[in-house]
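Following are the structures in question.
What follows is chain A paired twice: with chain B in the first complex and chain C in the second.
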Partner chain A sequence: MHPLLEQFLEKWVWPTAPGARGAAFRLRITEEKCLKGWEIALQRSLAEIEKGLASGNDDWQRRVALGGYAGEGVQMSIKQMSAQLLSVDLTEQEHYIDLQRMRARQVWDECKHSKLHAEVLMAKGWIKDERELLHNAAAHTQPLPAYFGLSMMFPHIHPLARAAQHYFVEAIACLGIAAYIHLVDDPMVRHEHLSQRDEELMHFMEGKYKIDTYCTTLENQKPVEDTLDFLLHRLRVSL
Partner chain B sequence: MAELPGKALAQELMQQSRTESRTTPMATVIQAAREGKFCAEESFRLIGQLWTLERLFYYIYGGWGQGLEIGDFPPSVKYLFSRQIMDESTHEMLYLDTLLRRRWIKTQKEAFSHPYGQFRLDSALAYYAFSLRNLATYPHSVRIAALNLGAKIVELTWMEGLAEALTDTDLQGVFTSQFVENRSHISMGRRIVEECIRTPFEADLCRWACGVARRDYGIFLCELSDMVLGRETIVEAQAAPLRVHD
Partner chain C sequence: MPTLKINHERCTQCRMCYVACRELNLNAVHVALEPLHRLEIDPHKCTYPVCTVCLAYCPAEGSIVEAESGRWVVPPPADVHRWWLKKELSAFSR
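This part shows the complex of A and B:
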């Protein structure tokens, strides 16, 4: 196991709050499903970064920034997070208002992230200002429409289903950031990733918290596990 | 930036809202506070209802955010909106925290079922929230004009008045701590209208939406002040009966 993953697991995955009734379920899906995915995702990130560094030019940084801009931020995330603000019925708000509070924070976090990607593109001279990106298809297209569509379907699936995305995919984001910080010296690329680190970790911890706190019955666990299976098998996230 | 197309309209909407904000149903609540008649029970009622309204904003903004598309507005408009979503959530938590800290309720769950925190469908609060939710049908710049240059100006004015009248510094802080965000929402509204409202058609929509938001917020304030001061609320239909076909 790569030391970056080992460190992440020790610090953030294995510790469990006393009395957390959903923790056994979380640890089972971690061992059965998440670990392999995280390991592959980290290896892939490291390999891609090394390939970029070996290319002898900065174009890979431009592609990473454009991809990041397309995948999070003002254009993609507001729609997703808004759908999830609506995933809690009024009659269920007393149980799940925390989910809405966390979404309200995440929409702001994600928008700051798109700004970081835009800053890289500006600092490197690839664009003059962010508005230029309005006419750049690469800044608005991504390879997994069904992933983002899934996010928008949570109001029709279950308020807790998003926890699978948070726990599994935000961990991959954390590991990807760790890989960039580990390998890249370029100050703008480090800024792009380092500035997101705490927020991505918070989003992962939200998934962990939601599973540990709320996923205490088979009924509550099923939508989370189904979503995780969809991510692993249909979208092949990190496989 | 003299060439901003919506500059005059923003000034017009702000001026109208400032004028209307001078006389609102909250004047009697502020007067009660000045006379020392705004005690724990009245505070509980006020904070409970304001919290109920704030928790409805998750649905209003959720609906608005769903309507944003790539390329429809400059990125800055969306950055400001995402910040506004978080600010509103902060205010929701601020009110709930006050309810808990004051021991008016023992748990968060209790707030949802307490008569002061309960959401009732047949209420002016619901009327206002639904009215805002309907603005999801309109361009983002129009709904932001309605809320940020309409109801929010009225809200800031009565909150400033109430904060000034309160002697309870802790309760005063609940309102004064929101001022920085409320003022920034008004500034956001001004900037968005100035920059994005370009045609007479859009300007007319803004005038209409701003008027509706102020009116429906005023109806809510009427219900709120009645409830806070323990008066019986008189419900009056605000518009002539309308045949609805859908």
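This part shows the complex of A and C:
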């Protein structure tokens, strides 16, 4: 097992709230399913970064940064949070104050990260101003179609399937950031990644908490298992 | 008994600690209206180290500390986190 994955597990995965009723299930699926996916994704991230570094210039960083802009933008957050609110009638939404506060916090957070991202791009000289970023087609495309739009909502429509998606996929984001910080010695780009780290971890913790709290019966565990199988299948197919 | 407090330099106000503490009906984590509507821990309601639920779900390293010693407990160090579940699992698999 790669030391970065081992460190992630020791810090954020194994520590468990005493008495959490779904935790035994979470640890079982982690060992049986998640570890495989996380190891593959981490190795892939490391290989991509090492390949970029070996090229001897920072064009690859510029390419990755521009391509990732849309993925870190406010629109992604709004899609994601809207998907979580869709199952609640408009007239009922005022009762879900936690959800609304979390949504407000999330939109604020995405604004902050988008702004930081644009500032790093400008400071590095990769774009002249934000207008240029808006005009860059590469900044507004993603390799996956509507990741948090309708095409991804249907496989994750069950709230515990969403939890599984958070637990599995956000861990990969955390590991990708850890890989970047481990290998890339650029203070500005590192600063940007560090800024995103707690955000990704928060979503991972949302998944961890929901599984620990609610996956107490076979019926509740099934959507989590199904989602993990789906995500693992996707990861293998894409390799 | 040691008590916990939030280090606002590190806390991201994500509310995971608030949600987890409320689930157990402890409600030791609350939103303090004064001065800045920030999350705070009520030392009279918090049962740490009997309960460590907030520490298990907090994503911001160093954001919850032992009030007396100032020691960071996120992520929970080994002496705070009792690894009870891992032990239970290994006993089960044997």
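We take it that the second predicted complex is superposed on the first by the 198 of 239 C-alpha atoms of A that agree within 3 Å, B and C clash if a C-alpha of one lies under 4 Å from a C-alpha of the other, contacts with A are read in each partner's own complex, and residues count from 1 in each chain.
Just so it is clear, contacts are C-beta pairs under 8 Å (C-beta built on N, C-alpha and C of every residue); 3 or more make two chains touch, one makes a residue touch a chain.
Computed from a predicted model, the values in this text were never measured in an experiment.
By the touch criterion stated above, A:27 is placed in contact with chain C alone, chain B being left untouched. Once chain A of one complex is fitted onto chain A of the other, the partner contacts of A:231 are absent, as it touches neither chain B nor chain C. Residue contacts after overlaying the shared chain place A:213 against chain C, while chain B stays out of touching range. When the two structures are aligned on the shared chain, A:46 is found in touch with neither chain B nor chain C. In the superposed model, A:18 lies in contact with chain C only, and not with chain B. By the touch criterion defined above, A:202 lies against chain C but remains apart from chain B after alignment on the C-alpha atoms of chain A. When the shared chain is aligned, chain B comes close enough to touch A:111, but chain C does not.
When both complexes are overlaid on chain A, the residue A:101 reaches chain B and chain C alike.
Of the two partner chains placed by superposition, only chain B is touched by A:90; chain C is not.
Residue overlap on chain A between its contacts with chain B in one complex and with chain C in the other: 101, 105. On the chain C side of its complex with chain A, the touching residues are 12-16, 19-20, 23, 51-53, 55-61, 75-76, 81-86, 88-89, 92. Note for the complex: chain A touches chain B at residues 74-75, 77-79, 81-86, 88, 90, 93-94, 97, 100-101, 103-105, 107-108, 110-111, 114-115, 118, 130-131, 133-134, 140. Residues of chain B that touch chain A in their complex: 55, 58-59, 61-66, 68, 70-71, 74-75, 78-79, 81-83, 85-86, 88-89, 92-93, 108-109, 112-113, 119. Those residues of chain A that touch chain C in the complex are listed here as 11-12, 14-18, 20, 23-24, 27-28, 98, 101-102, 105, 198-199, 201-202, 204-206, 208-209, 212-213.
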